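Order as written gives the chain letters A, B, C and D; numbering starts at 1 within each chain.
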């Protein structure tokens, strides 16, 4: 019954998605690319929540959390993109390697 | 009379208390009004101060009349709890007895006259009302000082008169000398005050918190005051400590250096504070605490007094500043009083305080009048103004005769008493022969320098014609006090008999009122067999002094320059005032400054090195070169050192802070993986 | 293997392959475009999990909102065909390695954990009305907070992006 | 329950947190409206001051124990409470703090940059200080103690003088070092008490604190030694704040660099915290150790007196390039001298001594605060504090001169002004126990007089420096800050009982506790 889909499959799927997202975050030079990685990670979290909602909790709280994840993702991406645009205006680059003003 | 007066107008209050509070409070009221709104009042508000002091004066006179009628046993006291803690009380109280009343009379009389005089003397000063405010404040503190019934309260007012003196000496503070003199006066007297405070501490400690005069005396009388320190009984030590306060305030050797400098203040101030009242507070203190002093302590007092008397008299010989001559004379006379008290002449010492207050205030005011007319204090620029200022000349002459101890004048009466007492004291204790010797010598010197002053100022040719032409007699507000004070310098005022020896007593035993009112605390008065010798001796000395002065400065048969040439060494010593100031400058101030600098560098040098070696080899290289005051050792070692270690290590660690978020995350991820691997392995 | 399982694998592929492309494709524009597929795949997974409303929202917000925003940002920020736009491969090795290790552990944990599953085989009910109820009753405070967050993000984004 | 009743029930909480409320209000004010911010701060500090007056009025003077106690569980797991109360020891400090804070708001008018941040920090500082004085729970005490550090750091570091960053860092690290030692002791108290508690009153009971032998880093400590070590650690923690030689080096620097109102608060209130902590925590909880160390305490007091006085005098004699010639530094060193009297009075365990010590804390708060305010007045006008740089100001600004003279004379202990009484009490008390130390300490009186008068002479006397021909006299706002202080100095100098009445019962009880040891 290896292929009969249950919770584990969903979790593995989300784990793969998560790791892909992490790799994206770590490897992209472009800050928009990093943002994409983050979106993948968030999606994986959403899958986890909804899957647990169905298989473990058997109520809708997981879905509610998925909704909140959307909210957070939306706000995050909006702010992040605004910041990136701002940086681009100032430095004409979005390359994460060039943005190191935090270093003293 | 006083009580009935107060009962009539303030029936609901205790008459004596309200009288005393009023006596004390009026000058304070004058001070408060003057300091806040004085400038805006009519005539700068001088009438407020004069009025308030006049009320105090009138009350003192009434009190004195009451005292004369009730006799010397009179004593009235009251007190309030001031600080009340568990097992600890401090009280504030008023003690009125003959000594107090006599002091009050002296203070308020001289104050009132000086206030009056100041209206004329200071009328052009821009800080006119401030001047009167300070004067009122001084009167308040001085009255408080004599009213106090315990040592602690006395100490408080003692310091306050010091403050008033500071403010008035440096009244013309634009002159750097005046500012310096005020500071010097305050600090030097404070050194004495600290001694007095230590004395109070010893008494407080020994008597378990008794500071009230009477209770201290009864405690001492019962012989409960024991204890020794370095072989000296604590009682003697406490007495000497208390006396130190008097040394500072009454400008006795070795703390006399402030008084001549204090002459930078306005002349009426010198008359009031530095001749008649405040400097006499030391004598008052010794009088008040008289039963407290052991024979040893009294000997110390007598030696200090007699030495000061001769020492200051010699310094007065060569001075050309009219006020400084008088200042040294004051020191010398205070020494005489101290000497009198030291040899046990309780009445005589205090008597001399009273007479001296009158004639010395008169002398200062006369000097002020001269200065006012000539605008100089240097006697070499004066001369021949006898005709131009007859009142000043006459009054000053009277006061000079009184100071020189000539019969018919008050100084003769009191000084003779002291000298007689000291002579009989020395006859009983021949080893102390120096005390009367100094006393008699100083009498002669006094007569000499006083007549030198008179001759240089009033006789001869005018040396500075421009100033001479400008001179004129002072207005009546200034001459009236002179006349009154010179009248008070006559012997008859004190003894009721013209010669002053009691050959006539116009009003019975009360005519010698000072003697009548003062009761020696124990039968310490000596038989008067020595008085006749003393009389002859002192008159001879005074006569010699006057004669020399006459010869040198009037007839000029003896040239002062030649004498100075002949005794060049002595002359030089005298003009340099025995190099006392220089000695202090070198011994105290110089070394004090060095100590300051030393301590300021203390951290750098001492703590530094110790802590460096002991504490922090890590930061040793950064610490040793600190040269300035602020880079202190502790700082550099412990505080900055720690900082530097942290900074150095931070510098290394900082290299991994690249500012690249991805690297951080990567490290984080690596760490997570590492932990997971470790967990599975373990 | 039921039809649902088949759909699961299909959707998983639709999710993972574009995600893979998104992460590893050197051109950022393609990466962004490939996200499109990935988001759709996740929406399908949601449908399979009986979360109809979530699936719809996923499509609306991610595909309609976030993705478009990202693409805008890509295009606004850069000449998309520029040389510097290509990522070098070398940087991907270490993260990939670490990611694989992490993935291994995650899968191991997922498979070894005894999941307490209480799945009933009922047909999935429509969730919209129940979600609405929950949001306005039990989850009212987070809901309101979320709205404040959105408002803050809105204002913040405007202030940040507004040219001075 | 009426509103007034509600306020009175929680009077101490109101006093402490009214500044915090003020802070919240100021937070929402636009930063351009400096005037509004200032007046709001003034209003809330005034409220706090009025509340403390109400406290003073309702305070039962014959009661030695704690009053206005409020106790609420805060972190029950560790038996930590929000536990506040006040007794005769703390009420004087509360009054001093609220009064000085209120007056300092007006002295802060000259702050022109970053007004909002400044007043936020200032209000937070006031809350922190008040919190320290009312806390009865060691943990709460510690929290407030640390809370107060933060605004102080910023106040010095942002609004300070030329070397502000250095001074701020130094102040912060110094005090933090002390706090760490205090923390160690706090934890030791907690873990060695049965039951575990942070309650200061509980800890002071004889059977609660059960110190055991300790073996640490290979050093074996017996109970007695361990207790002494605890005392020393705690003492260093507080000594840094007092400050006691040799932990004083932060003080001159911080005072000099801080803006005027902050110097006032530093000298007027913060220095008292060390002494307050000793009296509140060290003395009652470790009485035997206090007794054992009393000679050392008195000796340190003597060192403070003499050393402080000489260092202050060095300000006049040393040129500027060697760290001298600074009026503010002179006052800062005189603070060290004055705190020496406090220490000496505390160390002798006599009624006069301890009352004198606490009264001296109060008086020093008044006089030194006034002196710093006065320095600030002239600094605002001429922008320097060099003692040599003035001269003859007495002609130009007579009122100012009078006020400085008053404050200086108060500071040098002139009778009739409040410091004299406390110093005299300290001396009367200490002479009974340590006569030799006391006699040496009286030397401080003379040096004090010398350097204050010297400074007065340099600044105000002599011919007027032509540079300052147009120097403005003190204005109404400055008078408003100075006159209350001078009135209080005069009043308590003549009649000190109102303050002594507040504290004598409490101190008497503390004393019996110590004498029993």
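To be clear about the criterion, contacts are C-beta pairs under 8 Å (C-beta built on N, C-alpha and C of every residue); 3 or more make two chains touch, one makes a residue touch a chain.
Quantities reported herein were computed from a predicted structural model and do not represent experimental measurements.
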Most widely separated chain from subunit C, with each centre as the mean of CA atoms: B
Central chain (distance from its CA mean to the mean of all protein CA atoms): D
Euclidean distance of C-alpha centroids - subunit A vs subunit C, Å: 6
Cα-centroid distance, subunit B relative to subunit C, in whole angstrom: 95
Distance between the centres, which are taken as Cα means, of subunit D and subunit B, whole angstrom: 36
Distance between the centres, which are taken as Cα means, of subunit D and subunit A, whole angstrom: 54
Contacts with 2+ other chains: residues of subunit C: 94-95, 98-99, 102
Residue numbers of subunit A (touch at least two other chains): 22, 26-27
All chain pairs that touch each other: A-B, A-C, B-C, B-D
Contact footprint of subunit A on subunit B as seen in their complex: 654, 657-662, 665-666, 669
Touch list for subunit A against partner subunit C, complex: 3-13, 15-24, 26-30, 32-33, 35-37, 39-40, 43, 46-47, 50-51, 53-56, 58, 60-61, 63-64, 66-68, 70-79, 81-86, 88-89, 94-95
In the complex with subunit D, residue positions of subunit B that touch it: 82-88, 130, 152, 155-160, 163, 166, 170, 173-176, 178-180, 182-183, 186-187, 190-191, 193-194, 197-198, 201-202, 204-205, 592-593, 595-597, 599-600, 602-603, 607, 628-630, 632, 634-635, 639-640, 642-643
In the complex, subunit A residues that touch subunit B: 22, 25-27, 34, 96-97, 100-104
Touching residues on subunit B, where the partner in the complex is subunit C: 666, 669-670, 672-673, 676-677, 680
